[in-house]
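To start, the structure under review is shown below, and the notes come after it.
Chain IDs A, B, C and D follow the sequence of writing; residue 1 opens each chain.
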Amino acid sequence: MPKKLFSIDLNKKMDQQAYPGHNRWHPDIPAAFSVEPGESFRMECLDWTDGQIANNDDPSDIKQVNLNRVHVLSGPVYVNGVKPGDLLVVDILDIGTFPEHEWGFNGIFDKTNGGSFLVDHYPHAQKSIWDFNGIYATSRHVPGVEFAGIIHPGLIGVAPSQEMLDEWNKREKALVDTDPNREPVLANLPTEDAAVLGTLKGKEFQRVAKEGARTVPPRENGGNCDIKNLSKGSRIYFPVFVDGAKLSVGDLHFSQGDGEITFCGGIEMPGWIELRVNVIKNGMEKYSIKKNPAFNPGPVMPNYSDYIVFEGISVNEFTGKQTYLDANTAYRNACLNAIEFLKTRGFTGEQAFMLLGTAPIQGTVAGIVDVPNACCTIAIPREIFKKGVLPEMDED
Amino acid sequence: MPKKLFSIDLNKKMDQQAYPGHNRWHPDIPAAFSVEPGESFRMECLDWTDGQIANNDDPSDIKQVNLNRVHVLSGPVYVNGVKPGDLLVVDILDIGTFPEHEWGFNGIFDKTNGGSFLVDHYPHAQKSIWDFNGIYATSRHVPGVEFAGIIHPGLIGVAPSQEMLDEWNKREKALVDTDPNREPVLANLPTEDAAVLGTLKGKEFQRVAKEGARTVPPRENGGNCDIKNLSKGSRIYFPVFVDGAKLSVGDLHFSQGDGEITFCGGIEMPGWIELRVNVIKNGMEKYSIKKNPAFNPGPVMPNYSDYIVFEGISVNEFTGKQTYLDANTAYRNACLNAIEFLKTRGFTGEQAFMLLGTAPIQGTVAGIVDVPNACCTIAIPREIFKKGVLPEMDED
Amino acid sequence: MPKKLFSIDLNKKMDQQAYPGHNRWHPDIPAAFSVEPGESFRMECLDWTDGQIANNDDPSDIKQVNLNRVHVLSGPVYVNGVKPGDLLVVDILDIGTFPEHEWGFNGIFDKTNGGSFLVDHYPHAQKSIWDFNGIYATSRHVPGVEFAGIIHPGLIGVAPSQEMLDEWNKREKALVDTDPNREPVLANLPTEDAAVLGTLKGKEFQRVAKEGARTVPPRENGGNCDIKNLSKGSRIYFPVFVDGAKLSVGDLHFSQGDGEITFCGGIEMPGWIELRVNVIKNGMEKYSIKKNPAFNPGPVMPNYSDYIVFEGISVNEFTGKQTYLDANTAYRNACLNAIEFLKTRGFTGEQAFMLLGTAPIQGTVAGIVDVPNACCTIAIPREIFKKGVLPEMDED
Amino acid sequence: MPKKLFSIDLNKKMDQQAYPGHNRWHPDIPAAFSVEPGESFRMECLDWTDGQIANNDDPSDIKQVNLNRVHVLSGPVYVNGVKPGDLLVVDILDIGTFPEHEWGFNGIFDKTNGGSFLVDHYPHAQKSIWDFNGIYATSRHVPGVEFAGIIHPGLIGVAPSQEMLDEWNKREKALVDTDPNREPVLANLPTEDAAVLGTLKGKEFQRVAKEGARTVPPRENGGNCDIKNLSKGSRIYFPVFVDGAKLSVGDLHFSQGDGEITFCGGIEMPGWIELRVNVIKNGMEKYSIKKNPAFNPGPVMPNYSDYIVFEGISVNEFTGKQTYLDANTAYRNACLNAIEFLKTRGFTGEQAFMLLGTAPIQGTVAGIVDVPNACCTIAIPREIFKKGVLPEMDED
């Protein structure tokens, strides 16, 4: 086991940990510890909500979750000798659960507090608890399925520069200003409420909390990308914007479907992750990886190979209005088509929705040029169903 | 070999074939022939442009292509006993090239005539010719890569009902009316120019040509979905809207990247496809597959398993403006990030763009809820490059 | 399509073809044509028995097959400039069936004429006919299964040197001499009966026929390796023993299980194969590939990933006698265990046996050191069965 | 984490553990604990040699290992209600390393003490230490490779009945009697030396030690099958021979090549395994699984898909003598061919040999009927090499 460690006490909130992590992006959040290039280390992580969701059958905690507390991250880790312009190479050596916490949660956020990808179809909060049986997950709330998770960090990223941070805050505020009272919100702007900023205190805390970017969206620094294939064995190439890169990680998922369409989220859990860092000097210019990390996925994704696939096109499902190559609408329709099918196979709509949010389903941009319709698909592995799901032909 | 056949003479245009196919969607286009459920048959197909593109180094034909002639389809095939409300089950038994035509083309459409997914970055027409060496494709215009194609029909669909057709025309006209002079056009509306409508003649021809929907976009009937994984061995479940279903197919691709981002298109080719049809009576209601086909992909996709992946988020790359979960923008940025990287590996921007349009790359909707940024990824198989492409670490 | 061609008339025997191929290995069989390194060419092939087996339900032709006529090969092809000591690099670009012959056969050879791997359990001749539906095979003689074949040449090899040939004949004769009257024979020695030797005539024919090695076993030159994964897209590195290498190919299989345990054989068929050749000068020494080819399998094997696996150990199944690490016995027991299981799932023993000989099953040397038992396994893809085959747990 | 536990103290030998396991097969070894069908539990395991091998560069411990102490197993576990004739269904839910012991060993046994599959080529003891970096293994003794292990128990089995045990001892003694002084031994017969038999003491210990079968070979009860694909997520169907089945497990491998050709062994390690048991009443008859378990491998094997493959045939490599379909000789020649090739790529013969014993290489029975030569292949994933290994063509 690597020696260097970010330790977590599962019975405490992030701001009460021996070394508190953080839930905002800011270059001035102090590093938790430093490592040399080539070194491996282990990070323990709380679940992204800071422990707000309980293992029971009542979705009230989902409905009332304080989203200002998300995502509690472990780190930052300062990598000695790394400078802006370099590429930070991060290997995800392994990820695991805590033996004393072998369950996770998925939920559909309420329209009034976060919402989801299908918020206008499923506006009410829901919750499903998933039990881990070794590599497999099952849920008493979604019976009839069992699958091997593609365990991954929903969120991993490096610190932004002050300039980059300012740009983020500016562009996101401009978006919110177009419809400031919308439910759900168009974007989450900086707020001091529930901010956790490592060891910062007093005035420094207040300054950083006021301008620290929320962790909700993915951005140029990586962050909350929610990429299900960024799993064990992956190698990530991060552009570096501040001295030491300041790497942070959290929001571990036991499994997630592409799109994380329920928003809350994949199968969310606390756990640990082992990382190794290296550097490519001046790699940003050399390989032209200047914003958004690139990565090489690991070799141990589940070998599911038999899928049932649903298509969607970019025509609004309520109004019938034709949009122009709107992939968001197309993927939403693909999801809705899949859910309608699953409802004929014994699932409720909510169960089907949560299944698409948690199982290793694949969401694909199939066609994005055939004006005016984008075509997106959603592919569900047949192997996850305990009984057959394919339509049966009359002569079978 | 199945007996029933839609034959093609490669030296003739579609309207001059022994039995002309069609390039519009309309319930009244006469069937080319009929089959029984359970029967297999072979369809020969021209390339989607009706032979407008030549095997040379000059992209003028791409620039000046008459898009009113696309997509020339083989069919329709009438399936005896099939009624609206049924599901038509179509097995793609095999697909192949003609021995006398072992090449295909890819191109970037010009901004003034079709455009592409990256039209504002690459506004000028380009062309690449791809040679088929058995299962592999190579191009003198994109040296350094060789890959096994996932051969598939870009377009396969059933006839719409008159009511559905009217709805298509209405919603697409409403979109065009918002900006009728836009280049490229927002949608292609019905036109008599270059229409091919099977054996229809005279007044019937004129009526159908006037209201026949263009084949460019995918729609509720399937159509031009451009799904690269809808390959050999796949089984498709089509909702049926007219008696006999009236199945048509064309736009064969030797290979295509997800999104078909160059628009013209994947690796386009004439060829043949073997199909088998079956029926599930009243299957639309039974399985709730009422619009857009569902499918089960075949088992012989290339086993590429080692990818380099690029991410993109939904911030406009020219203005820096923040959009709200715009997956189209996110995928565009992922493509642009990939191209910038490939430019450091010896490709021109245009070559890299055409490579993403032709190779079996995967486009994924990774995260679609983390307001305000969607995250899309593009994954390129490392095995297609003749030399290593991954960034090298300093200590390697 | 490549220009150079070895043509076959399906209505004629090999010795009646425009250019006759051969069914013996000898350095002096004249080349059918020559090619340059880098060149592609197409070889058409008869089935390995020279058309002795008919598409009917009667196994008499299997029982009475003249094994002196096998394997009729297409070639040899002389590769200009290639010398002993080089490596001949052969790319299998594609393989296919003839549209007018979309079926193949599998059979269990009779104990009195060839025998099989399970000859003492299944001593009587049997036959199954397999129909090709595009990429899929089904059989009226083995209902309940359908699978995508891994199409491959059972036999591909280069000519031996005279010295190597003499060594083969010597060592095989020594084996036969230990039990000359055994049924089935221990090895097939040279015989003039039914020999086909290209354009050789008269005395030369007689000389070569007398010493030409039979094509039955794989040897240092490749030959009848019956490797199911040597399929489309594979690259083979052959050691070269004579000027021009003299490459020959035949015995095409639509599909085969590892071991080809029925002996007659996989799914046997006539068809065509496209090859491309290159050379590595002095490659035998450089890469120490001096006997037996090495190869890199192609990327388009079926993605079957869900198997039911049976084990066998090296204890004789009749006598209970313990052998020492006898992998042959271990694999035989694994096959027998699989067959006994399949008999509880609705197959006869003969059907199960022929299924293991034809489907893409995997035979593995699992453990070969744990004295005194070798452990071999046989893995059957679950996806090939139309209905579920796994044992069901009591609580399911 | 499952509650029921077989605990191990890594600093103690097996016979000193709180509850000692066993290293012999006998129906009368007392169960360590009992579980109900449906229950999950965790077994901690010592390495198979009982800690005889140290993490250093000196192979003396390999040479002098006391093989009478192997394999130390955890268990037996009694499954309530299970009877002879039932099938015991065992799910391997997960397997892992101990954080305080993230390394394993591989070795070539000396000819005078165990030997190996290539004992006449590599008669001297060798050792390689492998470090675990999350899912990856590397070795200072075999530089230039890194691979994701397919972690699995080399040994898992149920207790034999007394009748079955007697049969084992009888048949193995008969084999040893054919050459009692052979080096290495033909089989390991029962011996009291170093026997560990759970809580047995006194006369009972002596009786059981005298007749307890050695754990070295795989047998009808499963046992030391060394099947590399019996990994996480697998489901095994064991025939049951005694009340409660009495399941035991040990010999964990971080990784192993097919055949475990070095004998000592794969990458050997202590660790833990999580199991879940169920029962199929009278399943032995119902599914005809009467000897040797069947299994369904798990879905998380590494996705290596690009191999370099070597062939071997059944001609003795020293004498040139022709054997009759001897798969053992054929696989040995395939291994030797692979090693000779790897020696041209920078490895010593011993390194190459140990690499084939540890990496996820595939050993296949390709052809087993083409008299007189069996053909076996060994396939090495190209992805495990840090630099390219394929032969380069002259024009590349």
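Following the convention adopted for this analysis, a residue touches a chain if its C-beta (ideal position, glycine included) is under 8 Å from a C-beta of that chain, and two chains touch if they have at least 3 such contacts.
Chain by chain, the UniProt names read as follows: A, B, C, D = Acetamidase/formamidase family protein.
No experiment lies behind these values; they were computed from the predicted model shown.
**Q** Quick check: more C-beta contact pairs at B-C or at A-C?
**A** B-C
**Q** Using each chain's Cα centroid, which is most distant from the centroid of subunit C?
**A** Centre of mass proxy via C-alpha means gives A as farthest from subunit C.
**Q** Between subunit B and subunit C, what is the gap in Å from one C-alpha centre to the other?
**A** Taking the mean C-alpha position of each chain, the two centres sit 39 Å apart.
**Q** At what distance in angstrom does the C-alpha mean of subunit C lie from that of subunit A?
**A** 50
**Q** Hunt down the residues of subunit B that sit against at least two other chains at once, touch-wise.
**A** As it turns out, subunit B has residues touching two or more other chains at 299, 303-306, 383.
**Q** Can you tell me which positions in subunit A touch subunit D when the two form their complex?
**A** Those residues of subunit A that touch subunit D are 1, 40, 91-94, 96, 99-100, 102, 133-136, 148, 232-233, 274, 276, 298-304, 383.
**Q** Report the residues of subunit A in contact with subunit B in the complex, numbered from low to high.
**A** It comes out as residues 37-38, 87, 89, 116-117, 167, 171-172, 174-175, 184-188, 216-220, 222, 224-229, 237, 258-263, 265, 278-281, 283, 286-297, 299, 305-313, 315, 320-328, 331, 333-334, 337, 340-341, 343-344, 362-377, 379, 382, 390-395.
**Q** Please give the residue numbers of subunit D that touch subunit B in the complex, ascending.
**A** Checking each residue of subunit D against subunit B gives 303-306, 383, 386, 388, 396.
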